[in-house]
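Input: structures, listed below.
Shared between the two complexes below is chain A, which pairs with chain B and chain C, respectively.
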Partner chain A sequence: MSNSTHHPAAMSPVEQRVAALEALLTERGLVPEGFIEQITRRYESETGPMNGAKVVARAWADPEYKMRLLADGTAAIAELGFGGPEGDHMVVVENTAAVHNVIVCTLCSCYPWPVLGLPPAWYKDPPYRARMVREPRALLAEMGCRCPRRWRSGCGTPPPRSATSSCPSVRPRPRA
Partner chain B sequence: MTVFELEARAGGRFPLSGPVLAPPVVDAGPDVGTPRFGVGDRVRVREWHPPGHTRCPRYVRGKAGTVVRVDGIYSVPDIEAHGNARRHEPTYSVRFDAAQLWGDGQRGVRVHVDLWDSYLEPS
Partner chain C sequence: MTTLLSLSGLDLPRRNGELAFDAPWQSTVFALAAAVIEHAFDGDREPFRQQLIKAIAAEPGRPYWESWTAALEALVPTLPEPSTP
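Let's turn to the complex of A and B:
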């Protein structure tokens, strides 16, 4: 057994607060036993960008599915078994030879969990949220995605409802 | 659950966010069942700065745009966040020219923002 099991590193203040909140919620029966572990497992190993990749690949291979996907994203994504919290109202947009779409939630951090998993930290950072709506070409270029001037850039904020819109094919990736 | 219980359990300070400063909405008014705007309509976002929660970004207030999609009818979060009252309204995706939002002359960039009916007026 590793030493760290017997002598774990001291918890940081935020970890202590999370542990305190979780313990009290569980003791009061406000959170069912095992619920947090179940959610964590689901979003660590069962949900992620691989789901969105399946949706996009299906749209590439099946023109009728692509039409359904663009017409009613929520329903078409549900055909592949993906849906749930933060994916209740999905809008899918298409990149073309002349338009590059990028999604930013300037008000909070809405993100399409069912098809992309939990958002990466940079997506939630104020600099990303402020700059992507203000100067998308410059920020995309910094992230390794160059949009020629002749392209239009369609910068969309997700629906301001509880849910979100996204196109899994256009998520910019930060340069490692 | 109180902050004192949380602090006792956490072994230190447990700061919580402050109370909502906006007064609760008592009369939300009637639901809006029919969209006032259609695809292609020019609209302007009301120049309106309510206290408290809203889903109307400040950078579009007072700006004109074009409705590009009419979405479903949803509870207005500005009301829902401040009490038990509810009002449901149509929502729209509205397209703005980025240069008009930021006044910087950038070209070929459009910003789409999803907005509730009462945020908008005809333009």
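Let's turn to the complex of A and C:
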């Protein structure tokens, strides 16, 4: 990592734009002292798939919890203390012998932060967002998951949050 | 194409197998958006989300965090004027 952020003259264009945003928003009183560090810490080290792993493990061990999780993901995940931004409308789906589920957001890469943290780069890349809808089997195979012909692939997006949300639901396909 | 996270690689499970931010400016612009959402829009993520969708659609090949920055820049003019003390 370069030291360019310590030397304003050497900042890249995007670093300059972010610095300008920070100055403007701080001046407007929107960025409390320590807020940036707190958020960075939260999403760099405190939030991540280890949260989701606990949820899944609980579902494996406790069939009634699993039923609650599938019925109301937000509430069941909150039982374990997880929630917050991008976690207001959690839907949990189950892979079965007949259906393999994948998740994609074709518009803005939304992702279940409270249980998985921030998304990996490949999830946000245009090829993933386009190809997982158009050719899920081929893309899954490239990612190391070979789907038997009998599997139906269900392609879901994070569910819409309100009437104004425009991330569309993608209907599951009867075949892939 | 990077491989999916393997649960056997548990040394950094919380990071999906990679770092969340490649550079400080990325975590800064991420946190700035969170600040605006929380303190100017009372937790409503939709105004920022709409700008992010537009920014990504405007330049699909642009790196994600640069689109995020563009989205925040586009959101700034829509912020309520600060009330005078």
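Note that in this section the second predicted complex is superposed on the first by the 152 of 176 C-alpha atoms of A that agree within 3 Å, B and C clash if a C-alpha of one lies under 4 Å from a C-alpha of the other, contacts with A are read in each partner's own complex, and residues count from 1 in each chain.
Basically, a residue touches a chain if its C-beta (ideal position, glycine included) is under 8 Å from a C-beta of that chain, and two chains touch if they have at least 3 such contacts.
Keep in mind that what you see is a predicted model, and the values were worked out from it rather than measured.
Participant: Tell me which of chain B and chain C touches more residues of chain A.
Facilitator: C
Participant: Is A:Asn95 touching anything from chain B or chain C once the two structures are fitted on A? First, second, both or neither.
Facilitator: Neither partner.
Participant: Tell me which partner A:Cys110 touches in the superposition: chain B (first), chain C (second), both or neither.
Facilitator: Touch partner of A:Cys110: chain C, not chain B.
Participant: Where does A:Val31 make contact in the superposed view: on chain B (first), on chain C (second), on both, or on neither?
Facilitator: So A:Val31 only meets chain C here.
Participant: Thinking of the overlay built on chain A, is A:Pro136 touched by chain B (first), by chain C (second), by both, or by neither?
Facilitator: After superposing on A, A:Pro136 lies in contact with chain B but is clear of chain C.
Participant: Which of the two partners, first being chain B and second being chain C, lies in contact with A:Ala23: first, second, both, or neither?
Facilitator: Once the two structures are laid over each other on A, A:Ala23 reaches chain B alone.
Participant: If we overlay the two complexes on their shared chain A, which of chain B and chain C does A:Pro126 touch? Say first, second, both or neither.
Facilitator: second
Participant: Which chain A residues come up in both lists, the one for chain B and the one for chain C?
Facilitator: Looking at chain A, the two contact sets intersect at 17, 19, 21, 24-25, 28, 107, 161, 165.
Participant: For chain B, which residues count as touching chain A in their complex?
Facilitator: 1, 5-6, 9-14, 55-57, 59, 69, 71-72, 74, 77, 91, 93, 98, 102, 106-116
Participant: Where on chain A does chain C make contact in their complex?
Facilitator: By the definition above, chain A touches chain C via 1, 5, 12, 14-15, 17-19, 21-22, 24-25, 28-32, 35-36, 38-40, 43-50, 53, 85-86, 107-110, 116-122, 124, 126, 142-145, 161-162, 164-167.
Participant: Where on chain A is chain B touching in the complex?
Facilitator: Against chain B, the touching part of chain A is residues 13, 16-17, 19-21, 23-25, 28, 89, 91, 106-107, 133-137, 149-161, 165.
Participant: If you look only at chain C, which of its residues touch chain A in the complex?
Facilitator: Going by the criterion above, the answer is residues 1-5, 7, 13-25, 27-32, 34-37, 39-40, 45-46, 49-50, 52-53, 56-57, 60-61, 64-66, 69, 72-73, 76, 79, 82.
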